[in-house]
Amino acid sequence: MTFSVLAGLKKFNIDHKCEVKSIYEYYAKWIREGKLKVNSDWNKDLKLKFTVQDPCQIIRKSYGDPIAEDLRFVVKSIVGEENFIDMTPNRSNNFCCGGGGGFLQSGYVDARRAYGKIKADQILATGADYCIAACHNCHAQIHDLAEVNDHAWQTVHLWTMICLSLGILGPNEREYLGDDLKEVNVFHPETAL
Amino acid sequence: MENFEPIIVAFCCQYCPYTAADTAGTQRLCYPANLKIIRVPCAGKVDAMHILKAFEKGADGVVVAACLEGDCHFETGNIKAARRVSYIKKLMEEIGVEGERLEMVMLSAGMGDRFAEMATEVTEKIRKLGPSPINLNTSSQKQEAC
Amino acid sequence: MSEDAIKIEGKKKKSLFIDKVREILPDGGNLNMCITCGACASGCPATGLENMDPRKFLRMAALGLDEEITSTPWVWMCTGCQRCIYVCPMKINIPELVYYARQSWPREERPKGILGSCDMALRNDSCSAMGASPDDFQFVVEDVLEEYREAQPEFKDMEAPIDKAGAEFFLNQNSREPVTEPDEMVPLWKILHTVGVDWTYGSKGWGGENYCMFLADDEAWEHVTRTALNKADELGCKIFLNTE
Amino acid sequence: MITAERKPLEELIEYVRPYDRILLVGCNECVTVCAAGGRKEVGLLASALKMAFAKEGKTIDIKELTLERQCDPEYIEELVPHIEDVDAVMSMACGCGVQEIAKRFKNIPVFPAVNTKFMGASEQQGIWAERCQGCGDCLLGLTGGICPIARCSKHLMNGPCGGSTNGKCEISPDVDCVWQLIWDRLKALGMEDRYEEIIPAKDWRTAGGGGPRKIIREDLAE
Amino acid sequence: MKTVMNSHNESQSNNKVLVIGGGLGGIRTALDLAEAGRNVVLVEKDFSIGGLMTQLDRTFPTNNCDLCTISPYLSESVRQLPIEFLSMTRVTEVEGEAGDFTVTLNTAPRYIDLDKCTACGDCYNKFPECVRFTPGLDHRAPTCMRYPHATPQAFSVDMAKCNDIQQVVDICPAGAIVPDDKGTTQQISCGAIVLATGAGIFDPSGLDNFGYKNQPDVVTSLEYERILSASGPTHGYLLRPSDNEKPKKIAWIQCIGSRGMQKGASSYCSSACCMFALKEAIVTKERFGEDIETTIFFMDMRTFGKDYECYLERAKNEFGIRLVRCRPHSVIQRPGSNVLSISFAPFDRSELVTEEFDIVVLSTGFKVAEDVKKLAQDMGIELNEHNFAKTSNFQPVSTSRPGIYVCGMFESPKDIPETLIQGSAAACMASSNMPAPEKAPASEEDFPPEKDVTGQPPRIGVFICDCGNNIGGVIDVEELAEYAGNLSDVAVSKSVGQGCTQESMKEIQDLIVSEDLNRVVIGGTSPRTEELKFQDLLRRAGLNPYLLEIANIRDQVAWVHGDNPENALKKAKSLIQMAVCAVKKNRPLIEQTLPMNKDVLVVGGGVSGMSSALALADQGFKVFLVEKEDKLGGFAKNLRKTLEGEDVAGALGEMIEKTQTHENIEVITGANLVDHTGKTGMFRTGIQIGPEKSYRQIDHGATILATGTQPNRPAEYLLDQHEAVMTQADAGIFIEDSPEKVKALENIVMIQCVGSRCPDNPNCSRICCQAAVKNALHILDINPDAQIFVLYRDMRTYGFQEDYYRKAREKGVIFIRYEVDAPPNVEASGDKVNVTFVDPILNRPLMVTADKLLLSTGFKVDQKATERLARIFKLPRTHDGYFLEEHVKLRPIDLPVPGCFVAGTAHSPRLIRESIAQAQAAASRVQTILAKDVIHLSPVVAQVDGDKCAACLVCVRACPFNVPYINADGYSEIDPAKCHGCGICAAECPAKAIQLMKFEDDQIMAKLEGLFERKVA
């Protein structure tokens, strides 16, 4: 957890040599450097609408708007700029989804879902088919919110979409894709279990 | 009477309406040339006699322009003018001259376009009413003057 | 909320809960600078839960209602997302106050789920909230790697190294994938492979999640973090890369 | 003061229709104060009349003049130089003025321009209210200074009639019942007992019932 | 005494003041100094003067547009007064010390010669892209369309955008374009400098949570003012920026950029935002639609100025402005819609309420602009931590460097009336560096003796301007001049080209003399701006200036009938004919003059009275200081320290000592005023002195009322019934005198707004919040363990006091709100008191056992005393008893009776620093009158013809300023000194006995004759 590492290092003043970074920054760098040849043609005709969740721990609490821009650059590159809709508010002022702080394990399920209602409304307002949640807590929470909002959207990891746009996403790595993407751009379909 | 060009006298208080006329000028807004502006220190200075004499001498319409309520430099000038104008309107009806030939407007100094609008509306209205009954059959038919 | 009046008389009780927290935080976390403007409460998704909101929480602390604020379950409903600090004119650090309110709960009375996950992470050096030991982790990674190298020949020389000394990036890995959805680890590996990144997991401290921080258990949190960082430094990695 | 109100314009038009040259005379006393016949009203009426006739194509010449008063012969004399070159006179003074002019200039018609109303006081700028009917035998001393004759619709002199409801006269809610005012006044003066004293029937001769009245001061009159 | 021409030769440097900044504060300072006989150089970096106020639509608390009150200010400031005005000019260097500064000024090139340019606009019409008059209509640009009549009335060329300057040169009929204008750098020397540089507006684009940058319907308050303004980009129609629709719901968010510590905000309070937000809301409802819902989100509603609390009550009750006490987190725009949604937490419950709005106005506060900060540092002026000029409580407008003064926003954020007060105060302090002013500026002596025209047949000169193509392009001026030539009594009729240039004026002047003309008609521009110029021309030609008539054939004919030149010519002929007929009836009017008595009466010996007296005495004026108590000092006697820690007692002692020993001040204590007569320059006031009431009369030329007000002591919360309860003033003394008792205190409660903001004392007393914070901090200095609770309705620590309010919170003082209808309850409990109240956030009752209960009791007017004074001076008072000034916004020191001024708490509750500023301001206002040896009375006054008057009282009742009265001879009399020249009495008089000079009935009738002459003849 980015924030827990950064805050922990400071709080307990642990001296460390390596630099703590978030992977979004590198995804963006690699795409810009052409090392990751993502393209969004797969979504040209499908026109599936995507939105992205700005994880509080990484954006507001750690790296701020610059990393949010990187995240958006990555998402737009893989799903196509015209298919991306931002939630409002977003970036450093985004609403928390309710996954962090141990809420998922706290046992207060109704409170957590009530807490997440604002996030659910945000996603519904964008009318997106998919919400990319690049942080595990957000992913779990938003996935759960989808369930209580009669599956209005699919919740998917960032790496899944990157691989899909690279055309290297195998059949068994599509746990969180909806039926509309299950068969798209499948890498080695024959190895499906 | 489509080619009838009415003569309209406009008594304008020097603080807001006269400035509004100047502002209309600064904004180069066009309005008909029938309005002849007479500057007075305050709308409250426009005497009932001035209005009646204007009609008696041949005006087809008279406008009394004052500041907006509450804006009067002399506190109550515009309110007194409004009362006087409505009294004169009744007197004109008695005489047999249409009351709407006399009009009371209130403007703030920045309302250049409102002044131009007002000038156009009043000219149209008086044009529809035709020449003032007093001018109709005085000696020489008034030759087209504006 | 009981209706009897809160009584304030005599010497000011010194060791109020809020005073203790103010001593810990840098410049007191501005905790008593509140002008009750309500900006925090207006933007907090937890406003309304347990009939509580950040402004009311801080107010109760300021008025010394210590037993109430250290017993309300609301402290577990604030995710610490800092959306309140973001607009607070006085930059008041309410999340830290909540953190220490959590800490004031006896450890065993804290929510089972969080307590369990934190203890799991302490169980072995993986620091994984699902208790997977370094060996289990190693076994799963190698097993999945093998399977995919065969199934997708283009990735036959893809690697998922563990404890690879001198690697540039030290990656952590959320426990959910290795324990329940191993296939979900592959896309990340493929990406790293496609780019040709020199990376490694650590056998120790690979667990990405940190429920000890959520539990507000400082030693546990320090232990988890220190384990991960020591491992990264030990391996000589330059970047500690969070895949969250 | 004596109050008056200008007559409707049509009536005045009819008076002067047969004449071409009119002398319009204002009075600078009571009718000026009640804005009925002062120098300004003269100007307005002259202009109105000229416009009314101009509408019918007839030009009329109106000479405007305002005397200090029209109820003293010396002031009326000031009209002499103007009388020859006019055909009729219209006076904007109260009834007294019109009659004095008529008395002085036998062979020229004189017309009133205003309706003389009552002796009154100004309640506020622009509103005058009746206060006295000149009954010739003032009983204000008995009623605390408020006159039931001028201000009660039925001139009752011994208490209100049945129609007086919460202090207002039966003829209209904005007319005070004078006896309510009298009672309040007497109460304030602590002279409630005066209220029961019966005021005897009035001798109306002093009010003109016995014919037109005169006041003669032998020390002044020749 | 050599009569000094009003040119600015260098040797007179020590009588010259440099005023930096042409906003309202700078203009007020320049005007006061010039009218007091000083030479002024007014420097403004922008194209024209006027500053912030000229962009505002309407201003509080009067809610009228004040354009007509401010433009005379602006043009007046450039008229014959000895003010040298330099636009587009910056100060680059300042050397020397008080009395002898040398300043380097750098004027940016305007590429237009100001003397030649007549603002005809030809260049502007042909080259709009590179010729500047209106810097742009984009309402987002803070300097968008200013106001129709800028001063200087001239254009400027933006060389960067101009590709061929020669084309512009050819277009200009007046030859005013200067292509090689390098701008100028010059050095001037002056005796004093006043910094009136104003403040910049906070840029909210950094606040992403309010979305100012990417949501067009989120606007700053200045932009909203431009949208409302008739001269603004939407021409006065209230339209939503995104789609020009009429908004239905508008929200204001307060404290943007103020009272905060992050995102670029400043920690102080900008003092004026609450009021202008209320005003904008009221104007929105009043002028644009009762149905528009207006909501203001605020933290504390700070309406502390004079009658501002009543303004707030009117906003709430009369206009239904909804006030929500919460600072919203964000302004969110749902994707795909331009509706703005705001969610907020109501004060009394934990819940999120979300509402939608069409426009959100961010009430942005003020900041010191970067260039101003740099300028001040270069000049060696000490700045406080917020970069404003550092001043002290007892020298509110003096900077750290002697001889350099500050006024307006650069001293601290404030509203317009306070800016004007400091403007005048700075003028007073600036002139204290200089010897007494020499002769008043040029008056009649320079003009030749006036020709007597009585009885002469009218010989009229008609002069038609063509004003470049402004008039000439539409009207054939030759035909017009020729037509005028054969009107009756017209001796000369000529077209004179650019009428207002030096050459044409000279030509007209010579013709008047050579042709022995006795009337002049000018066919030119608006008399509003030209009349004064041509009146001076007539004076120079030896003709009475009022034998002049101006026909406005530019603004009201050529400019507005360009589409129909034929009609325009006919209308011009009519207007000229009207002017010619009217000018025959014009009579020479003499400007009455009265001899000036230069002594000053100051009533009231408190801080304000003494400050005024000292300021005037130092300038050589004789001052009579009358005080009803037997000692000087007033209310300040029972104050020890100011909020900032300055010692009041010491400074007050010094001031009393200086006042009593000053040779120009005669202090008369134990004296009561009994009568007052006369007019400006000739007042006579009777006073009774001492127990034996010996009567004495004082002759003086001007009066300053500094009678202060009473500390309020309402019988509430056991005040004066329990020894633990005291007022803040008592507490100030208690803390100073017995610190050991303070050490023993455990719990202290303070209650705000005791006896203020309630039905029988409706206004805010302004000083109690800062007094409470001062005492709290003081107590905690001595006894850090004390627990202090402050129960408040609105914390009104405006300006830099906000920092002290924060310090108090930092030190643990707990501030708790109470509603006016649920006040705290106080009961005795032994030597302590139990204070019970409800904390609105927890919605739970609290009971504090307090060792001391401090009540913030504020001020209340002694009705009997002020009512008696008001009757003596015939002065109006506000409904709660304070003296009412002539214009609440633009003349906050002058009283309606000319020659009378007010200073200190007699005007309204205020701090010592603000009282002293107003006292110095009053001294400056007095100098503007007493500088002249004679007073000129405006000739436009009403005159009564005694014979015609029927003493009917109509004029007495009609006059808005109750000037006419029925005199001993039984007819109405109007004092020319007091008449404002409105003419209402003349119009209402039933006996036609009153004529208003210059607008007499026969003149107006003559105009009507002129207009219809052709018809009736």
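We just call them A, B, C, D and E in the order they show up, numbering each chain from 1.
Rule of thumb we're sticking to: contacts are C-beta pairs under 8 Å (C-beta built on N, C-alpha and C of every residue); 3 or more make two chains touch, one makes a residue touch a chain.
Just so it is clear, the structure is predicted and the values come from calculations on it, not from any experiment.
The chains that touch both subunit D and subunit E are B. Note: the chain lying farthest from subunit A is D, by mean C-alpha position.
Of all chains, the one whose CA centroid is most distant from that of subunit C is D. Between subunit A and subunit E, the centres computed from C-alpha atoms are 58 Å apart. As a whole-number value, the distance joining the C-alpha centres of subunit B and subunit C reads 78 Å. Mean C-alpha positions place subunit C and subunit D at a centre distance of 98 Å.
For the pair subunit A and subunit D, the distance between mean C-alpha positions equals 95 Å. Among the residues of subunit C, those touching two or more other chains are numbered 48, 83, 86. For subunit B, the set of residues that touch two or more other chains comprises 47-49, 53, 138. Residue positions 209, 330, 958, 992 of subunit E each touch two or more of the other chains. This structure has the following touching chain pairs: A-C, A-E, B-D, B-E, C-E, D-E.
Against subunit E, in their complex, subunit D makes its touches with residues 28-29, 32-33, 35, 38-41, 43, 66, 125. Put simply, subunit C touches subunit E in their complex at residues 1-12, 30, 32-44, 47-48, 51-53, 55-56, 59-60, 62-63, 65, 83, 86-91.
By the touch criterion stated above, subunit B contacts subunit D in their complex at residues 47-49, 52-53, 55-56, 91, 94-97, 133-134, 136-138. The touching residues of subunit E, when paired with subunit D in their complex, are 948, 950, 952-954, 957-958, 989-993.
Residues 5, 7, 9, 14-16, 18-19, 21-33, 36-42, 44-50, 53-54, 57-59, 67-68, 70-71, 73-77, 80, 84, 108-114, 116, 135, 138, 140, 142, 145-146 of subunit B are the ones that touch subunit E when the two sit in their complex.
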